[in-house]
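What follows is chain A paired twice: with chain B in the first complex and chain C in the second.
Let's look at the complex of A and B:
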């Protein structure tokens, strides 16, 4: 199988033709892939001279040759399974793993399947929704995924259908110098409801380029969770497009804890009146990890409401980049938008770049943003110690409390408990280090 | 119990305490009064071990131990308690969880087993009544969104649960209305006993009507200029501190 050199356009083409010839897909889909390939050629590899890639240097990717990942056996105990009843689809290196997946009883009209299966049974549904949303047009990794995705998850809930049990998607990557392109397509029609957990995990020095598209019809409600715990040597460059119609409600939780270099680019369009979009994000970095979150939430219609609370905990030489933009279009009056980014430095070598931005074209809106970068509060530390609590434990309590503000928003108890466990395992020993 | 000898301390190179001598025995309540900027809170912070204060001379002995060599948590474990003038809000740390961690840290240092949840809950319930604290305050993050009075009550409540040998109350009366002042004072009085000592720091005589001290000391420009019985507080109330201040200009600067 051909290696994918990032810098070499001719090689994209060879690889693409090779890949496309074996796909046997509807013409519409192949067309989308070709368009994405063209975008990819135009965009090339981002350079740190570009404003949005200024602090996240991916030039090293140009020197690497990633093979398309092969099949790899994965033991079930390596998967971040959730307690309690739920639907589960597992993908290994971007390919569906039916043996690890398990669907409970679904409402008759609901469609929950791998994209590959859905293309066989309901191709028109997939083609109608895939790659149709606005956003990330200038992101080469999104384009890569659109050109090269193999499989992923498809969720279609028609009008009024409520998925009672949470749906858990696990994308496991495995291999050395391999790349995978998981794709997730979520379509909730009017008043449909669901809770979704997407887990990224893996083992090895791989490139993970996932792309998620979420479309919410009028009054639809989605509780979304993205948990990134990739291998410490892995690169994770993901994208997410979201579009919300009238009075729909989206709550997104993003936890980024793994990977060597990870970045998620999010574009959300509040396309209908009264749409509500809340994001809670937590990025944990240590050693030489870099965690980058870029968000653009665009209010296109009046009475929209958006919240972004992104927190970061930085240890060692970890680095965090946060770039959030609230864009309010001219007619989006009565928009209520707030964005907060808070970073806690646990080491003097750590570095946080915070870039909160507002772009407001309407005149009757309530928009605010704020950003902080700081060390643990010495007054709070002293207060705890003055009550007999040791320095290390006092530090841990404060770090945990800072991070848990994000996790405690999660309504799904089994996931919240899992993440609380992750926080205490990761942050307790960390805080014992000298600050 | 607490022995302070010729204590000098400075902040950012500026000397605040100019040779304090003070001896407090178990069972005694001493009041330390003085104008703003006289060094009252500096003394409290030096005793509790807050960073940023440099002790340039003198010593502080607590139950025979050299207190100044100990980390703040070691002082607390040895039985020292500071009721803060400005209790800190700690978002995300549950009040009850915090208090249990503190109680267990102190017990552990004494080689005692940790309290089980039931035992701890019983102690907490008893002590809550002492300061008329609402149960909902236990479930909230430490001091977060508490009113001034609630914060001060929470300090006395913590003291009641942790049962220190010696407590420093740093302007616990500031910002309290008369009802809250009574509640807080009742709490303190209930904890008075032959084994326990108190240093009550205050600007006003009012608190000392409720917590009647054995001794009263007047602190001016980092020095105890006069000591006496409880009647000294009344005298100060009438005459003010101006009488003692030879350098009013300096007192004003320290105030600013």
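Let's look at the complex of A and C:
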């Protein structure tokens, strides 16, 4: 397939027709793809003149041409496998890899499969839920995924079904100047429960535009983990839409450590009374990496509760953008929302942007936010050094402790241990830090 | 609606006290905006050629600009051709030689505003430069100031008497291409205040300007320039009112502050432009650019504002902290009720070493009011050991209003320490109950709590202003408990 310049509308129109012709999909689905393509045409490539893209320059994409990634064999040892029993679905370049996947015994009626399989066995279920959630309508990368996704994961848990084992989704990307559009659709009906880990990894200079949709029925509980460790040359522009019904509970952990440019746009709608939504995020950047998290949590109904704690550690010429917005609609009384952003600057060339925002239209609410940026606390360093700990060691201990506050919230022990390992490898340098 | 909510409602429905029109013969330029009007303004003011050129360059640049849409305020497009850009009381032609010569009608206006010039002169020891629509009416205490070498006069006078100072500093903090409304102001500004405090002088009294828009269909575009030379200190007060009219009037002012080594400028505003009626009809569009530069070492600029009026307030008094060890402060209370909208905040740009800034912003929304804090704290790589603390709190009264917080924080220096905190809540039932139980009525309790909420800002105001501000907030909140 010919390479498609990112900014060339006519060309990706042709690409789309080629692509759609081969898909042989239900009409409803094709309709959704066409609508997304139209959105994409109107939106074009974001420019830094747009408020939400001011600090994240993706203009370079306009000069690049990405082709659809081909099949590539991946050895199992390259995958970030979890220890202990779990269900696993692996996707390579956005396509299902059954050989690497492994499903344990599933409860009856639960559906865990690739989207491709699910479209064959339960097309009506997929069509009913795909691309139905609100949010990210003005995000061109979300539109790109909706138009061009090839495969991905589909999780459907009917009423009251609890998945005992964690479910691990691995999206591996590889290739030079290739693009992949992994799609994940998660539907938990009333009172269903699950723990889910999504890993993005890869090798080479590729573009990864994943899109995840999560819909939680009333009383459903989801423990969600999103780990981004893309190749240092890769672009990762992901989207996530979340909708929560009454008394549902969502806990999200986001760890972003890879990619040249990694951005995730998250929209969460607390659509039912008493919904609870907690996000814990950690972004690590070094060299010339840019890590960007855009988060909008919308409280539409009373008694909602949301928490956002996002931390960043910046080394070298790394840059971090955090843009979090709590929007409380007029009738969402008794909302309790809090948002915190903390960045640790470890280098003179690093740059942190922090935009924690509140938009509140209801009067009986408790909403607050905070943001701090700075270097290590000199008193804490002094305390450690006074106890005979060298400067380098003391600094690393404090940096590690700062970052680990996010990781220690993770209940899934194998994953937590893996990430603690990642932190100690990354945040313990050989020499002391000077600023 | 609870009983207390009703009281709140009642409390906020207080009428605008300063909505009277003064019947003074006015010399008004025909409405419309073009190069001829700018030449006319310039000619009326007998301005030098360079200033006219500067105005025209600004105007030509303005034509290429687009109206900014990013603020969280909504208003129909303004027809710039329907506005008259120059309105002067006719008597001005003869030029008042002293306060006694001022049109008694104007004097009475000020008396009704509660700032009788004479009284203030004697009792408060405040020198007032009163700007009535577009021209400065009178400046009191000039001689006393002149003794110390302080120049305090209207902008037009400064252009005539001290052109070298004006030319040196005009547009250095807010350049003519800065933003849409500042550019418009640069093209058509009519008057304002000018103040220069020489080296080592501590200004012996508080300087004060009173702005009032009187004529209908006019815009007010004043420009204030304050320069504090090395080691100087000045405290400057600004107050604003306008009559009640159905149509919206535009107020696009520019204020530039320059603090050299060891200088301190304290700038306080109590803004009470006409906010429009309870249905949101009429009112002033207050689009103001205020910015100060701490040019020298150890200099300090402090902004204090109490924003209670205007249909729309759109202003961000900012500090550029260029000198090492310089300090920027921003204290703000913004109150919106009925259909008022406010999008206000500050920018603190840290460039020099050991620069410090403090931001305290208090927002109060009642009725259908929308109140947004929007601020930027930027620490550049050169700003070693910079320090910022920001706190933005909002109170909501009633379920139709909104409070929003949009802080932008950009840090490029690891030795800097930046903190931001914000909270939004309503007046708690517990607090009200506590007061009620001690025999304090709900109305009084609300005003007590709100005053406590604003205290951190009020204590920064000069004493007479603090009392006025407190009264103003009480007055505005009459009828709006929730």
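Everything below uses one rule, namely that the second predicted complex is superposed on the first by the 430 of 435 C-alpha atoms of A that agree within 3 Å, B and C clash if a C-alpha of one lies under 4 Å from a C-alpha of the other, contacts with A are read in each partner's own complex, and residues count from 1 in each chain.
One rule holds for everything that comes next: a residue touches a chain if its C-beta (ideal position, glycine included) is under 8 Å from a C-beta of that chain, and two chains touch if they have at least 3 such contacts.
Values in this document were obtained by computation on a predicted structure and should not be read as measured data.
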| item | value |
| --- | --- |
| Contacts of A:387 with chain B and chain C, given as first, second, both or neither | first |
| First (chain B), second (chain C), both or neither touched by A:398 | first |
| Which of chain B and chain C A:363 touches, first, second, both or neither | second |
| First, second, both or neither for A:355, with chain B first and chain C second | second |
| First (chain B), second (chain C), both or neither touched by A:51 | second |
| Residue contacts with chain A in the superposition, chain B compared against chain C | C |
| First, second, both or neither for A:102, with chain B first and chain C second | neither |
| Doubly contacted chain A residues - partners chain C and chain B | none |
| Parts of chain B lying in touch with chain A, wherever the complex brings them together | 48-51, 71-73, 75-77, 82, 84, 87-88, 90-93, 98-99, 101-103, 105-106, 109, 141-142, 158, 162 |
| Chain C to chain A touching residues, read off their complex | 70, 379, 381, 394, 396-426, 482 |
| List of chain A residues in touch with chain B within their complex | 377-380, 382-391, 393-394, 397-398, 400-402, 404-405 |
| Contact footprint of chain C on chain A as seen in their complex | 51, 330, 333, 343, 345-375, 435 |
